[in-house]
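All chains are identified by letter, namely A, B, C, D, E and F, in their written order; residue positions are counted from 1 within each chain.
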């Protein structure tokens, strides 16, 4: 353990450039980092807009809905534009090129336009989520009412975040989609990269430990259980040994596939339409449509060793 | 991506009935949805009542305990009655039969009586939790003091929520138990359906990824590790192809069973008293009492391929 | 279900000593329990000190950094001393020996000195985290900027909590490190015991379900994926049948090892430098340096049963 | 001073009916008291509606104004209906006639209708306040911009509260107007009874200590300074010696009157149009239009005693 | 105006001992100042205890009242003891005599005992306030219900604060009573020194600007209007020219006296029982019982100068 | 009363330009109004800087003071610059000249420079306040300790706000000083215009109702009691009948003057050094140094009308 230092000494050490240089964010434009708190508010307001009466002001009526929706959109537009601008600022190359003057007005305009396009996609996002809701209700024998899945299922929570994050990711928004994805990951244990393309009617049951990678493509009406990984098998490196970023490396899951708990699917494989992947299956190759894959039941049985008084 | 719409256009699209009809909650009785915030307060107050001195006002003394317990119960009674009533309202069939007059007074009375019965079960809930606490202390070599498990173990957190949710579920309370179960799921990664019947002295170590299904029956002094699934093997459908809800479809785990990390137990199987199920085991059949099941160790060893320079 | 009791009856039952004795904390010194809220603030302030400009006041500049760092340290020193003192109080043996007078001043002094030593280790903690940040950036093809990993990766969140908790654990601080570890566990699904010794440059990708046990030793530049368990194989008991606490029972993972998703490594085994452990592998024996272990690919393939219309 | 009692004894004394009977509110209908917090929110939302861009969301634009105004009105309608209902409940005669069944539905309907009428008067309330704003700007040589008076003058704050409270008072709403009036009194030191009838364009400069009684009638374009009392001269009693409530007993102040600081005007007197009342004047009789009343300047001068070294 | 300094220069100047010595509080015992926030909570909890159903939990019932009262008293006892101890610490002479060891345990005991005595006086404080409530209801023609005066009259707010502050002042508690008195002063404009002795049934109408000095003695059933000063006429100094503190220097107001708005009563004079003092009267001499004093009406009339076009 | 309108109708009326035009703030630059909340934080942080150990972190020590002061100044600099910029924006003439492009960068620079100059004056502001503190302690027989006046006297609260507001006003900052002055006015009832020039050592006892006008000049060691007005006698108008703004129209009060409660001093008069003005005196002419002015005592006595059973 370190020797006892005075507060002055600790401060002095922590304020040496060689101590902080790799962990300090100093924006050229005096722009703060995006605010996780504000993004939480943005998502909460979007939930209220997408699922009126379930979130936000829960006593909303059809007659007054347009006031609440319009006002909510207006506030989201302002908050989100600001956060997107901050995200751009964080990645601005002028941070590293201090003598070049950044064009902050252009950045502001881009953020505003991006936000506008994102908001324009909300009707489609809602349409997809409505199918997700139905899928969750139909797919879970414990569900009593579609609204129950809207109000308390991790699947809908995670997909609402994802569909928002993905729409922003499609607009090349930086940082913000990742923050939104992590919100859902933290609350539900479901980790979906904002880049993943997910069709309508996905249901993720229980969900803890699910991982869906950046270049995944998931079709319509797919069902996934807890602990399923749709991951990369390997990470190709370039000539310098650096990871090549952005290449397609995650599975394609076609329509109506079901993947049971703990299955691990790695690499750019295609799981054909209507296939069923059993629990804990490890899969790194394509499956033709209609396949049913399970852990080898016989081997499984024979692998049991029944001991009268042994210990695991 | 969508084309850029004006705020008015987006509002207009989102306020068309065909857009919102499946994702809008409009109660007949002008009752708001249950409040997750209030339910969080209810659970926090119940924790303070069940574990005095650990939660809530931590300087409580035996001489004044009855004031705090009595006042806490009175507040919980009021808050919970209101939330139960809202939950009933959400499921009220009069929402769909607008011309029939709902009997809201009867609903209010039922909520009040249900709450009273729930509160009457608190002494028994505490008794069960006290055994759970001892089990966690005894079962974890890293635990220094039983109180440490009360104060910071996910196991006790999850079981406190579950025993509350289950007592409400037994009273046929709707929606509220599920919300409470999801609170624990979100915080701990442990997903126990409120319907699961769990005996005294359960210890869930680490816990992330544990799933305990609706019709599970767990005996006394059971120990479960992270990633264990006690799930359903299949979902029988009725003649119309709809899932049949509510039938017994999850395992029965008898007293003193231990189930190690990542094991998956599916279907209405019975794990006999004192059995030990090893990590990652996949099990879909009954086990007689005293069984010890592990992954095939030899097969495990032989299944390793040692490569000097390969890649996983 | 219980019969309906009055509020007075429930209160009376809950305030009987035999009901509350095992679940009631009554300190001799009238000291409250440590405050999770305050510890959250301590960690947040430490994050702002360790990663200036990312957390806390995000518009900090090098010229004024020392004011913010110094002020932050001063506040943390006070808050943490108080929490450590409370933690000592909770474990104070005088709670059980009421007639012996506790030496609270000595306890206060010890808490202050412990805090001082902990703060003295912050420069080293930051150095380790800076390597962790680089490892996360290099190791994730989806990462765009090292700062992105600081700001939103669960890996850095978990390691920041762990390195703080571990430094306190090394000072024999009780309860507080565990609370801090559980904060990270709850947010990320990554459960690292404060006792685990972790070298620089660890990257935990996705992370949900990862368990790292109390006596683990992890070398430098290790990479771990979601669902990996570094656990104990068995829990030796003493002559009285009580668990023996504190003995080395978790894996040693040497430098540059990679462990893929869902692998389970149990017991005091050593994974030699540069080894690669494939996904879902179950491992209870040492691996020599440079080993590459995967699930048996052939067996895996043969274990698939392709059925045209079967069910998992 | 009292002798030292135990907590139990104090509790017992405070819970005797003879101790609490005059200071305990126990509603028959289990309705809580109106919430001062909610009424504060109601007023804040009304300020945002009345003065868009100054209060509430200060970045509002004409294009989106109707969303914010409509949503704000809808929320206010719900909150205020509930508070008015609670106020009715507080005064419900059934509280004292326990055997008669109250008609709570009728009460709810009345509250809803009252709220609707109140909201319908908002355009007129805004019109009056717009004239008040102009009066404050014109009347204060220190004012730089009319908006400054909206944003920070006690006069506008007090009049906004009053015009809201008065509109409710005109609808025979109980308790709520008084609570709103006291909010303004507490913040500004200006105490206007909700019953007072105040024409457009009132300006109250500085304001601390101003009292305007229940039956006052104030014309248009009046100016009042700090410490002015428009009070009652006497309180007629009935045959039983009880005060007769509600009779006209406060001044009528006609258009364009100016009343300087500290003047005291008592009783049902009429201050004719355009009169000027000097500071500290004591007035209990009518003044014809155009009167100018000041403290006797000569007497004032002669009343000074100049002493070289005296003390006041 | 000052020249422009750098942040470092300003910091340096403000941290010179000669800059801060008179405005810096540095306790010997590392005790923080009393917390105004906590004292606000103490007063709020005392209001809930004194006026059950009006403040705090407004749905309290006689059957459960003792739980809420007992729990409230227990919390107040702890919070207030701590604040009183801090107040003692602030005035501790050891702050100025650093080499003498303070007896903090004795201080803690004294604070606890003082709090106990204060709480023991609550039944009597409530009795006095109940008479005050009746006086406010009877004395104000605009009051509709005694409860209205409890819930929203500044008079009751100020007297609740005063009677609490005075009971603490009687126990020689330092600083805390003054802080409580200033809370009421800030909210109501009524400034009553905690030392003032006030009989039952005081009603202070409107109240803004009322000042009641430290050594005032007010009898039963007195009525006071806004702007009344019961102050000191002069401040005798000792041989060194320093003010002599603590001598009786404010009026004695006997039972059933009425003092109208703006009257100024200075010095140790006695206003005899049942006297009436008119508005704006300036009084520095005793009044026999039954006196009625008003501003000279004739002089008042003659002092008017009616000018057709003059200006005040 | 208005007829009952629908929500749509009310919205429609309130959103007509002729309804909102005089009460709507629509900035050209999309800048929000200054934030009263942020300014409250600014003042609170300045109090903590000016009176270390009394406000803010009350356990500050000389060794760490510079960290807290430096960090506090840095935060205030940022917050205040932003608020000053917003204030400038509010008054920007480009709001009314939409076709001219505003130079927002210049505005930002000016705000930054103004803030720098303001912060540079803090050492002098503290020096003045230290003398004010001493004056309050010496001047109040009830004060026990100078620190008591810092911590709870309205006089110090009001002067802290004023000296901050005045320093900003001297830099021609708009709106912000007025907001700060109104904060103090609302809390204390003391209304000091930011323009007033006040020498060191002012003590305002009780303070409710005190008004100090924009062009007042107050010397050193002055004492003022509650209800004192230092106001304007008349408001000269220009040829168009508009008030002429900014001319010297309030009293000059020289060193060591004492003004007792309720005195009214109007116009550009000079109260000579060491003069004493009695309570309720009305004064519109110069007083030579050393004057003592009281209400005519004899007249006062003779003005009493003693009536056996009259009414005031």
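Here, contacts are C-beta pairs under 8 Å (C-beta built on N, C-alpha and C of every residue); 3 or more make two chains touch, one makes a residue touch a chain.
Note that the structure is predicted; figures quoted are calculated from it, not measured.
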Both-way neighbours, i.e. chains that touch chain D and touch chain A = B, F
Request  = Indicate whether more than half of the residue numbers at the chain A-chain C interface occur in both copies; give same if so and different if not.
outcome  = different
Query = How many angstrom lie between the CA centroids of chain A and chain F, rounded to a whole number?
reply = 52
For chain D paired with chain E, centre-to-centre distance based on mean C-alpha positions, whole Å = 24
Note = Note: chain F residues in touch with at least two other chains are 7, 11, 59, 64, 66-67, 69-70, 73-74, 189, 208-209, 227, 262, 279-280, 295, 297, 299, 311
Task = Please categorise the chain-chain contact pattern as a line, ring, star, complete graph or other.
result = other
Request  = State which pairs of chains touch, listing all of them.
outcome  = A-B, A-C, A-D, A-F, B-C, B-D, B-E, C-E, C-F, D-E, D-F, E-F
Sites on chain B touched by chain D in the complex = 7, 11, 63-64, 67
Query = Contact residues on chain B for chain A in the complex?
reply = 1-5, 7-15, 17, 19-20, 22-27, 30, 32-33, 90-91, 174-175, 178-179, 182, 185-186, 189, 191, 193, 195, 208-209, 211, 214, 227, 229, 231-232, 235, 242-247, 249, 258, 260, 262, 264, 266, 276-282, 285, 290-297, 299, 311
Query = Tell me, which parts of chain C touch chain A in their complex?
reply = 49-54, 58-62, 65-66, 69-70, 73-74, 77, 113, 116-117, 119-124, 126-127, 129-130, 133-134, 138-148, 150-154, 167, 170-171, 187-189, 206, 208-209, 225-227, 234, 261-262, 279-280, 295, 299-312
Ask   = Which of the residues in chain F come into contact with chain C in the complex?
value = 57, 59, 64, 66-75, 78
